[in-house]
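The structure under discussion is supplied below as structure tokens; questions concerning it will follow.
Chain lettering (A, B and C) follows the sequence in which the chains are written, and residue indices restart at 1 in each chain.
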């Protein structure tokens, strides 16, 4: 119950900050515009498609990949570091609910609200640029997969963010994480367009489950194998996050923050 | 206008006004300063005071050239601030209590070097000046410590050095004592008086702290809702309005009746009471003595009445 | 001018005061830039050439962009903060000094993160973009003009805050749009977007046109960049100073 309230609070907070939200969505549209121009140029040079993708499929791919990465607050590590420093975490530890659970519920609420805004605006924009969704009715599946991707991203960030319990200056880890998703996750370029050897390294990794998998579903190239991989990473991600926080909180109790 | 030549070297303000708000329609407009006039002679120490939002900062910003007025005239050292800002800036010093001119990560000395180059102060002059200011403000030992490691009181002393480095003829201070503890405040006030006495620097200080006025100024201008409601010497202000002190008392147990000779009981509720003393008639000491001798006092405080109250008294007297 | 240089020196010292974090941030920015180069490498590996652009062109583009951003956002870091500084009246600090405010403002902050871009871009150009003496000269000229375009554009959009209020959000949007659009090959954009890049978001003058100049020099195109820089500087200077006349410092809450 507490988690549901936390989730709703996060969502409400996002929707209330209209200025931030519209800036974020506006920037995403610009990125979609830029990347679709890139793929348009590439598709034109190659008789209408790049590898297995048509131009339309690529636009929908980009839209979903962006809508899974833009909404997640990327500075979880920094935030957790600040919460430890300010003693906020210590206060949260007094509550009869899991610290990391509540935190993730809030972030999920906030991110999901943002994701839906991104999908609505981005979807309309993609339709304008490239026609109706390439996946057709299966786009609904893509929306579901996009939610799983969001959850995974939040879980992984918290697992990584727990580093802040041990290292004071781990601020920039999020930055590297972001760059890894950009290339290794397939935000900028669908992974199966990479040289085969490189693709076969990246596709099984969790970064791919965050951007490449929902993108593929939106382009109509999804497969259940990809979703199973995503679910496996979800279990690993949440497990690690809870484990790291349990250890971290114990450490905080001993050292007294 | 017939102006005494000596006065043009001070500050002259005539019907100065500033209206904020974008529209031409009256509704959204606010008169921050509504036509004020005064003159300050060189060497004066003038406190420009008023409650929060009275128009103090807006006035000081117009006099230093940061803001343009919407009406009226002003000259500072014979210059029109908003038209000749750069020339004026060389001859005045400013210190804004809530804004630092020192670079946070660096030592004050580094900032002083930069300021010296901006104001065209030669290296030799700068060192001589830093020597004497450091001694005067007891700050020499702070010059080589990074600003981030200084306490607020220490930092304000270094700020003051920065404002005085180019030997300004007038020093504008906007809420300089804000956030300082009592000891640091007292010390800072004494320093400003010394600078005025030793270097003949004109002091123009805004504050909403009554004791800033008593300790620093010899002249007071009180502004409220953008208008001047009092302009006279501190002596006059003290005689008429600053003679009251408030005494707050906490007793160890409930006191059924409370009566102290020479003091008026403003409120009394069991173990808590507030009294007012007219220090012109009764010395504060005698009231405190009576209280401590005759009642089980647990805690006691003596305070000036808040500025808001003094200002409202001024209105009553006018009416 | 002398005091602007002195300020810049002080700002630099202030920026690198925390040495560990200074170096770390420079390294991180370089990592970011490398990620982009990797992307374009993979892209052109797949595509060959697109709309006349090759991987080599993108290398030139990135060397220009990173150095322009390194100088513009690194050494004159306040250029993207003008809007915010007007909103929270921190420009008062500069207005009480006996120096010209705009130059002083721009020199007062050095951002170590973006100096990483600068280092990266110079190395990239020298290592991978055929740095013959003539090309180096042209490249340097394009970089300097690009810095003018970028800084002037950011001052211009930041100065809107004088007139429309707010907390400088539109300046942030302008900043993000400029940087984003300058980091893609100009010729990938068609129609209305292309018009945009030559006008409201003048990204074309920072990377697109210079890359084309580095392929074949055309005096007309060079003159175009010079003109764009001059117009933007005039626009920025006049908007800022007009704004200063209307400036209401710290009194924004009264609106």
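One rule holds in what follows: contacts are C-beta pairs under 8 Å (C-beta built on N, C-alpha and C of every residue); 3 or more make two chains touch, one makes a residue touch a chain.
The shown structure was predicted, so the numbers you read here are calculated from the model rather than taken from an experiment.
The set of chains in contact with subunit A as well as subunit C is empty. Taking the CA centroid of subunit C as reference, the farthest chain centroid is that of B. Centre-to-centre separation of subunit A and subunit C, using mean CA positions: 29 Å. The distance from the centre of subunit A to the centre of subunit B, each centre being the mean of the chain's C-alpha atoms, comes to 54 Å. Put simply, the C-alpha centre of subunit B and that of subunit C have 43 angstrom between them.
Chain contact summary for the complex, subunit B toward subunit C: residues 20-22, 28, 30, 32, 57-58, 61, 64-68, 85-87, 89-90, 94, 96, 99, 101, 103-106, 110-111, 113-114, 117-119, 146. Chain contact summary for the complex, subunit C toward subunit A: residues 21, 24-25, 28, 31-32, 35, 38-39, 42-43, 45-51, 53, 169, 172-173, 176-177, 180-181, 183-185, 187-190, 193.
Within the complex, the subunit A residues that touch subunit C are 19, 23, 26-27, 30-31, 33-34, 37-38, 40-42, 44-46, 50-51, 169, 172, 175-176, 179, 182-183, 188-189, 193-195, 198. Interface of subunit C with subunit B (complex): residues 2-3, 6-7, 10-11, 13-15, 17-18, 90, 92-93, 95-100, 165, 245, 247-251, 254-255.
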